[in-house]
Amino acid sequence: MRYGLLAAVLLSAMILGGCDGGVLDPKGPIALAERQILINATGIMLAIVIPVIIATLGVAFWFRASNERARYRPDFVYSGRVEMLIWSIPLMTVLLTGTVAWIAAYDLDPPKPIASSTRPIKVQAISLDWKWLFIYPELGVASVNHLTIPVGTPVSFELTSSGVMNSFFVPQLAGQIYTMAGMVTRLNLRADYAGTYRGLSANFSGDGFADMHFNVDAMPPERFAQWIASTRSAGPVLDSKGYTDLAKPSAAVPPFTYHSVAPGLFDSIRMSSMQSDDALCQGYPTSMKAEK
Amino acid sequence: MNVAVEMNAVRQGESLDISEAGPAPKRIIAGFGFWIFLLSDIVMFSALFASYAVLAKASAGGLTTVQLFDQRNVAMETALLLLSSYSCGMMSLAINSRRYLATFLGAVVTFLLGAAFLKLELREFQGMIALGAAPERSAFLSAFFTLVGSHGLHVTVGLAWLVLMIVQLSLRGFQDVVVRRLHCFSLFWHALDIIWVLIFTVVYLMGVLP
Amino acid sequence: MTLLGKLDWSAVPLDQPIIMGTVGGMVVAIVSILSWVTLKGYVPYLWREWITSVDHKRIGVMYIVLALVMLLRGFADGIMMRTQQAVAAGGAQGYLPPEHFDQIFSAHGTIMIFFVAMPLVIGLMNFAVPLQLGVRDVAFPTMNSISFWLTASGVLLTNVSLAVGEFAKTGWFAYPPLSELQFSPGVGVDYYLWSLQLSGIGTLLSGVNFVTTILKMRAPGMSYMRMPVFCWTALASNLLIVAAFPVLTALFAMLLLDRYLGFHFFTVDAGGNAMMYVNLFWVWGHPEVYILVLPAFGIFSEVAATFSGKSLFGYRSMVLATMTICVLSYTVWLHHFFTMGASASVNAFFGITSMIIGVPTGVKVFNWLFTMYGGRVRFTVPVLWTIGFMMSFVFGGLTGVLLALPAVDWQVHNSVFLVAHFHHVIIPGVLFGCMAGYNYWFPKAFGFRLDERWGKAAFWCWFIGFHLAFMPLYVTGLMGMPRRLQHYDVLAWQPWLLVAEVGALVILTGIICQIVQIVVSIRHREQLRDTTGDPWNGRTLEWSTASPPPAWNFAVLPRVHELDAFWAHKQRVLAKQRLPVRQHAYQPIEVPKNSPVGFATAFFAVVSGFALIWHIWWMAGFGVLGAAATLLAFMFRTKDEVEIPADQVDLFDRAHPVEVSL
C-alpha cells in the first residue's frame, strides 16, 4: 500500500521531472541514451524489487504468531533448492545489468567523439572560483557563465580548473565530468533541439558554489554565426592579465563575453598549476594521459 | 541458577577440536592481537607506499631519485637493520631459555644497531635538505620523507620501547607480562625489517633504475 | 598572543545568534547535568562504575549513549539544512549564509558517520559479542576503554568547533584542493582532521580488539560454524576496520602534513595530486559502508530468527554472503568517482564489481524472508524495524545499482539523487538495524524492557518520515539539483523540498517518541522487569545469563554443542521435563580491574588536539607527554585483575535463577 503510493509518487515524479528540464528530458543523443539506460535498468530491477517487497509483507503477515492456519515449520532452515534459487536470482539480475553497464561505459564514454557529418566545434571550459569560463579556441572568443552552441553540431569539450575541483554538468545534454587543476578531462555532447538548458557545477567548491550555474543556449547554426560575429565586435580582451582579474574569487557574476582570446591561454592555465611530467598519469586514465 | 551449569554437564568427555577448545591462554591472545595490530600498521604503510608510487616522478623540476639516492649509505642502513633483527632473534632465544645476561646483551646490541641505523637515516635526510631537497620542495620529496620518515619514526618508538623493556626486565625479571611484551617487541622489530626491505626495493633500488 | 597560537576572542562567533544560542543551550545543559550529578553525590559512582570501567557491557552502553546524543546534534544539522533548502528558492537566501550552511552539511555528514553510526555499531558489538560468544570480556579490556574515550575525544573536539572557531566547510570527505590551506585557511579542516584522527585510532584499536576476541576467545565447543550470525558480521566488520582505517589515518596524516608543514601531497602546485586523495579516501570509505551495515545485517538476522521462533534460514549461506561482502568491498571504491574521467574499461570494471556486491546482499534479504517463512512472527518493535528495513532497503539497493552504472552515474552523481540513495541504504540499513538492536538488547543491559507502544510509534514516525524526506530528493535529483546548494533559482524544486521538510519533521516526532519511550519505560520499569534473563525466548547465549548480567557474565563458561546453543539447551530441558540441577562448585573468577587510563589518555588527546588546531605548540607538547606518561604508568601497573570470590558468584546465581518455562 505504502509502496503503491511510492510508485505513484515516483511515476508522477518522472512525468513532472520530465517536463522540467532534468535528466529525464534529454535534448541530445548522449543524454537520451543515458536516460534509456536509466529506464531499462530500473525496469530490470523493479521486476525483482516489487515481488520481494510484496513477498516480505505477505510472508510476515501470513506467518504472524496469531495466525492459527499458518503451518509452523521450525525445522525449515535449509533447502538446497531454495539456496540455489536465491543465489541465482540476484546473480542473473547482475549479469543482465552488468552487460548493460559494460556496453554503455564504452558507448557513452565522455571523451569519445560523437559520430557526425558536421565538424565538431571545440570549447575549452575552465572552472574558476565561482564561475565558468568558456573559450572557443577556433573562433577566438570567450564567454563567462554562459555557453552558446549551435544545434546539431557536436561540441567537444576540454575542461580544467583554476584550483578547486568542480563538475561540469548540463543534465539535458550529457552526464557530468570533473574539472581539476593541472589536468584535462574531455566531454562530448550535442544538442538536437534549439533551446536554453541549465548548466551547473555539480561538485561543491566553496562558498560561492550555489551560484555556479549557467545557461546553455543551443541555437541554429545561422544564429550561432551571428552570435559569434556580434561577440567579436565588442567586449574586453581575454589575455593573461584579463584572466588574472577574472580568476579572483567572485560569485554570481552576470554573463559577459570577450571579443578576443590570447592563443594558448587554456594550456598556460593548465600549465600554471602543472603537476608533473607524467607521474600523475601513472596507472591513470588513458584519456588524460593522451593530453600530456 | 546459571543454565550454563547444566549445559556444561551435557555430553562430557567428547574430544574438542582446536576451534572448540574455549578461550585461548593470555599469551596467545596477546601475541595474536599484536599480529593483527601489525597487519593494520602494514596497511597504513601500504597507503604511504601507494602515494609514493604515484608521486615518485613528480619532482616538479627539483632533484630526482637518481640524483639524490646514495646506494652505499642505503646498503649500510640495510645491513644495520638486518643485523639488529638477527640480534633481536638471539634475544628471543635467550628469553625462551630464561637467560638474563644473554637477553640483556641481545637487547643492547639490537638497540645500538637500531640507533646506528637511525643516525645514518638522519644524516641522509640532513644531506638532502642541505641540497635543497626538503619535503616542501616537491610532491615526490613530500612522499619520500613521509614514507621513509614514518619507518624511522617506528624505529624510534621501537628503541624507546626496548629501553623500557630493559628497565622492566631488570625490575621484574621474567614475569609473564614482561615476556609477553618482549615477544611483541620482537614481532614489531621484525615487521619493521620487512617494511624496510620494501622501502629498499621500491624507493631506493627502483629509484636508481635508469 | 603567541602563547595561545592562533586563538583569540575573534574565534568565538559572538555575532552569530544561531550558533551562540545553540552553544548557550549546550553549555547550560552540560553545566546543569554536571552540577546535578555533583550535588546528588553521583560523581564517585560514575567514576567507579562507568568512567574507569573496562567492562565491555558498560563500555557498550556508553558508546550507545554517546551515539544517541550525537544523533540529536546530527539531526539538528539535518533539519536546519532541510529548512534552508525549503525556503531559499528564487531570489531568497534563506536564513543561513553560505559560510554557515557549508559548515552544517560538513558537520552533519561527519557526525552521522563517525559519531553516530560508528559508535552505535561498535557499542552494540561491545555489548553483545562477548555475551554471545559465552566469554567474560573482550581480549583487551583496558584498550577497549581507551578506544571508547578516544572516540569521545573526537566527539568533544567536533563540538568545541561550534563555539571556538569553525568546522570544515568542505563536505564530510574534505576533498583537496578545497581542503588545502590555500582554499581553506581557517581552523575548520583542522578540527575535522584532528577529531577524526583521534576517533579513528580509537576505532582501529577496537577493531584489533574484536578480531582477536572473536577468533581467540569463544566458549568451549563454539567452533566457527556455531557462532551466532551477529558475531560473524562483527568479525567481518572488524576485519574491515583493521584493513581500512589505517588508510584513513595515513591519508589524514598526509593532508595534515600539507596543511601544517607545507608538504605537497594534494596541492595544486609542485606536483601534488588531489586525485590520489579521492582514491585513498574511498579505499577506506567504501569498506566503511560495510563496516557499518554488516553488523546491522547481523542484528536483523538475530531478530528475524528469534521472533520467528526459528533458526536463521541458510546459516551457511549467510556466513558466506557476509564474508564475500567483506572481501568484495575492497574492489568497488572507484564507483564514487566515475565522473573523474577514468577510461571506459576502468569504469566498466568498477561498475560491474559494484553490482556483484549486490548479489550476496540480495541473498541476505531472501534468507531473512525464508526465516520468517514457516515461523511464528511476533510483531515486536525490533521486528517492525526489521521488516521496515527489508522493504526500504531493496529500493535503496535498486538506486544503488543505478548509480553503479557509469552511464547513469554521470547523470545523477553529486546530485540529491545520490544523497537520497545513500540515506536510503544507511538509514534503513544501519540506523533501523541499530534501533532494532537497541530495543532487542535493552532488557539484557538494564533488566527491563522498553515500552512497546512508544517504540512502535517511534518506528512508524521514522519509517513514514524517512520516505517523505528522501523520496522527493530522488525527484529533484533527476530534475538536476546538485547536493549542497545553499540557495537555488529553480522554483520547480521547491514543492518537493517542502515535502522533504515535512518528512524531516515527522522524523523529529519519531525521535521525540523515542525520548518519551525511554522516560516511560524507566517509570514503568517494575512492570517491564525481566526476571528470567530471557524476555524474548532467545536463541543465543546472552539470554542464558541474568539481566543485567553480572560483571563476570557467566559463572561457568557455557559448553556449546550446536548453533543456537541456548535454544537447543531449552529444547533439551523441555524434552526431559525437568529443570537443571545445580551441581557445580563455583570457582573464584578473575575480572579485569578498572582503569582510569582510557579517560586520562583521552583527556590528554583532547588537549593536544585542541592545541594543534590552534597552533599552541607548548600545550600540544604537554598533551603528548601527558598521554605518554599515562601509558607508561599503565605499562608499569602490577595488577591487572581483581578476583571475585566463589561465594559471591554463588550468591548472585542463587538470586538470579534462569527459568526455562516447562
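Descriptive notes on the structure:
Read from first to last, the chains carry the letters A, B and C; within each, the first residue is number 1.
Just so we're on the same page, a residue touches a chain if its C-beta (ideal position, glycine included) is under 8 Å from a C-beta of that chain, and two chains touch if they have at least 3 such contacts.
Predicted model, so just to flag it, every value in this text is computed and none were measured.
Put simply, the chain nearest the middle, going by average C-alpha positions, is C. Put simply, the chain farthest from chain B by mean CA position is A. The distance from the centre of chain A to the centre of chain C, with each centre set as the mean of the Cα atoms, comes to 33 Å.
Per-chain CA centroids place chain A at a distance of 47 Å from chain B.
Within chain B, contacts with two or more other chains are made by residues 54-55, 58-60, 138-140. Residue positions of chain A touching 2 or more other chains, listed in rising order: 275-276, 279-280.
The multi-chain contact residues of chain C, meaning those touching 2 or more other chains, are 269, 271-273.
Touching chain C in their complex are the following residues of chain A: 2-3, 6, 9-10, 13-14, 16-17, 20-24, 31, 33-35, 37-38, 41-42, 45-46, 48-49, 52-53, 55-57, 59-60, 63-65, 70-74, 76-79, 82-83, 85-87, 89-91, 93-94, 97-98, 100-102, 104-112, 163-165, 167, 169, 171-172, 174-178, 180-183, 185-186, 198, 200-210, 213, 273, 275-276, 279-280, 284-288. Contact residues of chain C toward chain B in the complex are 134-135, 139-140, 204, 207-209, 211-212, 215-224, 242-247, 249-251, 253-254, 257-258, 261-265, 267, 269-273, 276, 280, 283, 544-545, 554-561, 565-566, 569, 572-573, 580-584, 632, 635-636, 640, 653-654, 657-658, 660. Against chain C, in their complex, chain B makes its touches with residues 1-11, 16-17, 19-24, 28-29, 32-33, 36-37, 39-41, 43-48, 50-51, 54-55, 58-60, 135-143, 145-146, 164, 168, 177, 181.
On the chain C side of its complex with chain A, the touching residues are 98-99, 102, 169-171, 175, 177-178, 182-183, 268-269, 271-275, 308-317, 337, 339-348, 351-352, 355-356, 358-359, 361-363, 365-367, 369-370, 372-379, 383, 387, 390-391, 394-395, 397-398, 401-402, 404-415, 467, 471-472, 474-475, 478-480, 482-490, 492.
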